[in-house]
Amino acid sequence: MKCIILDKTLEYDGSQISSLWAYNLADVQADSIIAFRGGCDVKIEHMIDLEDKKQGDMIFSTDMVHFIIEHFDSTDLKLVYARQRLFTAIVAEVLSEYRNDLIRKGDDLFVDGKKLTVSIASTSAVSQKIHFGINVMHDYYGSLEDIGICNDDVLKLMEKIAKSYYNEFIDIELDLRKSRPLDVI
Amino acid sequence: MKCIILDKTLEYDGSQISSLWAYNLADVQADSIIAFRGGCDVKIEHMIDLEDKKQGDMIFSTDMVHFIIEHFDSTDLKLVYARQRLFTAIVAEVLSEYRNDLIRKGDDLFVDGKKLTVSIASTSAVSQKIHFGINVMHDYYGSLEDIGICNDDVLKLMEKIAKSYYNEFIDIELDLRKSRPLDVI
Amino acid sequence: MKCIILDKTLEYDGSQISSLWAYNLADVQADSIIAFRGGCDVKIEHMIDLEDKKQGDMIFSTDMVHFIIEHFDSTDLKLVYARQRLFTAIVAEVLSEYRNDLIRKGDDLFVDGKKLTVSIASTSAVSQKIHFGINVMHDYYGSLEDIGICNDDVLKLMEKIAKSYYNEFIDIELDLRKSRPLDVI
Amino acid sequence: MKCIILDKTLEYDGSQISSLWAYNLADVQADSIIAFRGGCDVKIEHMIDLEDKKQGDMIFSTDMVHFIIEHFDSTDLKLVYARQRLFTAIVAEVLSEYRNDLIRKGDDLFVDGKKLTVSIASTSAVSQKIHFGINVMHDYYGSLEDIGICNDDVLKLMEKIAKSYYNEFIDIELDLRKSRPLDVI
Amino acid sequence: MKCIILDKTLEYDGSQISSLWAYNLADVQADSIIAFRGGCDVKIEHMIDLEDKKQGDMIFSTDMVHFIIEHFDSTDLKLVYARQRLFTAIVAEVLSEYRNDLIRKGDDLFVDGKKLTVSIASTSAVSQKIHFGINVMHDYYGSLEDIGICNDDVLKLMEKIAKSYYNEFIDIELDLRKSRPLDVI
Amino acid sequence: MKCIILDKTLEYDGSQISSLWAYNLADVQADSIIAFRGGCDVKIEHMIDLEDKKQGDMIFSTDMVHFIIEHFDSTDLKLVYARQRLFTAIVAEVLSEYRNDLIRKGDDLFVDGKKLTVSIASTSAVSQKIHFGINVMHDYYGSLEDIGICNDDVLKLMEKIAKSYYNEFIDIELDLRKSRPLDVI
């Protein structure tokens, strides 16, 4: 698995959730988590969550940190959703160093009752992907600013979150290779 | 999925990790999370983690709360390990109401640098299972007592943790039924 | 699993076989069987069975009862086809109360040598689906009319068939949760 | 897939449900349905259905026709249970030529309110298997005799049922090779 | 599995890698390997390998032998890639009768340091496919001519390669039906 | 994936085919190929191939090189058998530097009409494994000696074969991460 932090700004428009985006962007031929910073303006044709699409939801933010995760080891919907929830919990754990009263509900994080994040997960015939975005600043929704994370700390935070998921993944791969099958009653 | 809290004490000896234990115990014909309280003394023949077995590790505690999770929807090792990590994060979230400085490392929780929990996950040909135990009191390892959870609150805690995992599972099952497949670049 | 009978007429044009149709129609976030009544006029671009497409088959009927089944628990082609055949057998069983000389050949039912039904099954990256349609009246093909089911009984029939499949599914889910793995010679 | 009718009597003692029994018996290196006639006396250690085991159920009959199905194409529990239900429906269809008032409930058939059959399905790490037994004669339970099938017709019946499942399997394998993937809304 | 040698020339333009091409071409309702001879000119919209697409690679040859393999038994990427490598090794084995100094690197064969072949593998929601092309003559790349295979022998070669893969597949299907599951330490 | 050459002699008695042998031997928590040298004397209770077991085959050799491959990424029988065949082809390729007239038939290699190798593949609920053994010397069967590989070259050969499979595996994992899903006709 590769862990990559892009150093240039990139707007998330929903095309990045497509399978093989990492390969097209940076010749990544591995499972990967790629973090970058930029606005968020998801075009209707890239909306994966039909609830958003149906409600004509605007998924818009001027400044976010984004994480794009891709795994090629399985195309099981249940697995990518379990991983998405685990990633959300990891983000909460990392942010708890700044504010320890964040609330996680499924794939959403809340600060002071305000939604701080957006996320989606799905699969194609060749890979599974997760997008997770956190507002850096926002007039209406929650943001890193509300948590007390200033602009200078954002890059470090991106690295910390991406690295935590990477480490969790590696750790799981190790653990599942030392457990024998279950007995059966 | 069923969420069950046993009202009688039961010692975890490792046989409970076997597939179909819930059916044998209580005719449960559903995915389930079952919580109970009791000692922990895992016999060598029931050890699933070969690292423990190899090291002749004693998995012993006089008083724990135990959670036994069983899913029949897949026998994928990767899925049960992602679920185990997610469950561990959920336990940390619930306990954070009492102490918000717990540390999660993979499937372990630590309080004041002391290991608080034991856990294992694996599969048979018919189901996947997770055991997760938390010391209620312990002379050497961390315990609920260290977190400030008194005896009277243990049952409530068991219910809260079990219910949280149950709700997460239901929420995931709902979410994955409104996401369309990924585009491909 | 949800079992839904639509009370308004709807023409089956082939778009209903798409994944997530149930969510778009009625916010269904569950495996489901949805029954409705209406004409059938499948557009060439919605034809899933390439044999029909190739032969320029007209899949047309002015009045049918339709069943749309969606499962998100697997995208295995073999499973959805086994379920389609099972559903066909269930329809035959329900109809046998009216006429017990129906013939099932794969996913087709015949009455007096006339084809009574149309059906298709397939998968996308996120779900598996089955369409099954039964002529209510037809000049050339077999119909419920031939079986002696009058207009007033059609709704009851739709409910009975949908409920039977629902019950079968629930029953299977229960049964597979009490069987231990096989021995091996 | 092979379809084999054994010409010598064999008692079903539960060992025949083990994976690879067909290979051991007759060097069968294919998916298979094997039919034979003989008593039924399942030893407790071969009971796959834990409900039977728990209740100390005696699975006993002096004269049955048995069908043993083995597939190596998947070890998915959901698939083998869907196939078991489909097989049960097929048996009912074949028997309906003699008596058309048989009732199927899940994997059981009933005649005159009396249970006519026993069945179990499960998987190992290498194959999935189904056992299905029908009483030829029985003092208490239903039997082929009740249906009006005399001793001389039993062999023909065995062939007809086995061949019907074989044909259904072949037909499914053909059908799933001409259906394109689903569209997605 | 079907093994088919087309007797008329056909240019490979990349559309043949689509799922269900064999059914559309020749009503093939089976896993299949189809061999044909013709030019190669892959349109950009049919390029499956994004490396080729990215580099604007021209996949062009005036005279090749082509093999198109389709399996419906799984949509696992890992399996189709293992099969692609195995097929490449089989081609090398067959060609070794003419020249035994061919080099295989992954899915490529080289003669005298010149690339002799092109290949791609992928999956859709319903099948897995492999394309493998070998230059018959080529000014720049390696070709059958370099190996000493003249025009008259090309058809025989096509038959031999296709038949070898077919036999390997059948042999694997037999072998996996006589092996018991592994023990576990 | 780890590639390990044991420097001490070890007799293959069949226990090494068990899942998690590599972990027990050397704390390997990765997919792995482990090569070692030693006799071969497979006990009847460790025979995986029932044909051998049935025929009371003696799988015996005084001096072999052994390769034990374990993958935890899937428990699909079809995948482990495709990998076994691919490994066999790789061994033939490496040995072709010494003798280029070896014959591969499935998972067997032959030199001068004499069988040179033994191999088996299977799965448990947690991993898939392959054993492949090559006679170093043998009175009756083929051996490395027949190929012209002397004792001093055996270690180098073990390294070369193990490394070739390792490289092939890595190469496949890279390749499958740059291919988009198939189109569908």
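Going by the order they are written in, the chains are A, B, C, D, E and F; count residues from 1 in each one.
Throughout what follows, a contact is a pair of C-beta atoms (placed from the backbone, for glycine too) under 8 Å apart; a residue touches a chain by one contact, two chains touch by 3 or more.
All figures in this text were calculated on a predicted structure; none of them were measured in a lab.
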Check your understanding: What's the chain with its C-alpha centre farthest out from chain F?
Key -> C
Check your understanding: Since chain C and chain D are copies that touch, is their contact same (over half of the numbers shared) or different (under half)?
Key -> same
Check your understanding: Using each chain's Cα centroid, which is most distant from the centroid of chain D?
Key -> A
Practice item. Would you mind pulling out the distance in Å between where the CA atoms of chain C average out and where those of chain E do? Key: 38
Exercise for review: Round to the nearest whole Å and give the separation of the Cα centres of chain C and chain F.
Suggested key: 48
Review point. Do you know which chain D residues sit against two or more other chains?
Key: 19-20, 23-24, 50, 72-73, 75, 77, 122-127, 175-176, 178-182, 184-185
Point to revise | Residue ranges of chain E in contact with chain F within the complex | key: 15, 17-21, 23-24, 46, 48-51, 73-74, 76-79, 81-83, 85-86, 89-90, 92-93, 96, 100, 104, 106-107, 120-127, 129, 168, 171-172, 175-176, 178-185
Exercise for review: Could you pull out which chain C residues touch chain A in their complex?
Suggested key: 20, 23-24, 72, 75, 125-126, 180-181
Point to revise | Touch list for chain C against partner chain B, complex | key: 19-20, 23, 28-31, 72-73, 124-127, 173-182
Revision key, fill the gap. In the complex, chain D touches chain B at residues 50, 54, 75, 77, 122-125, 184-185
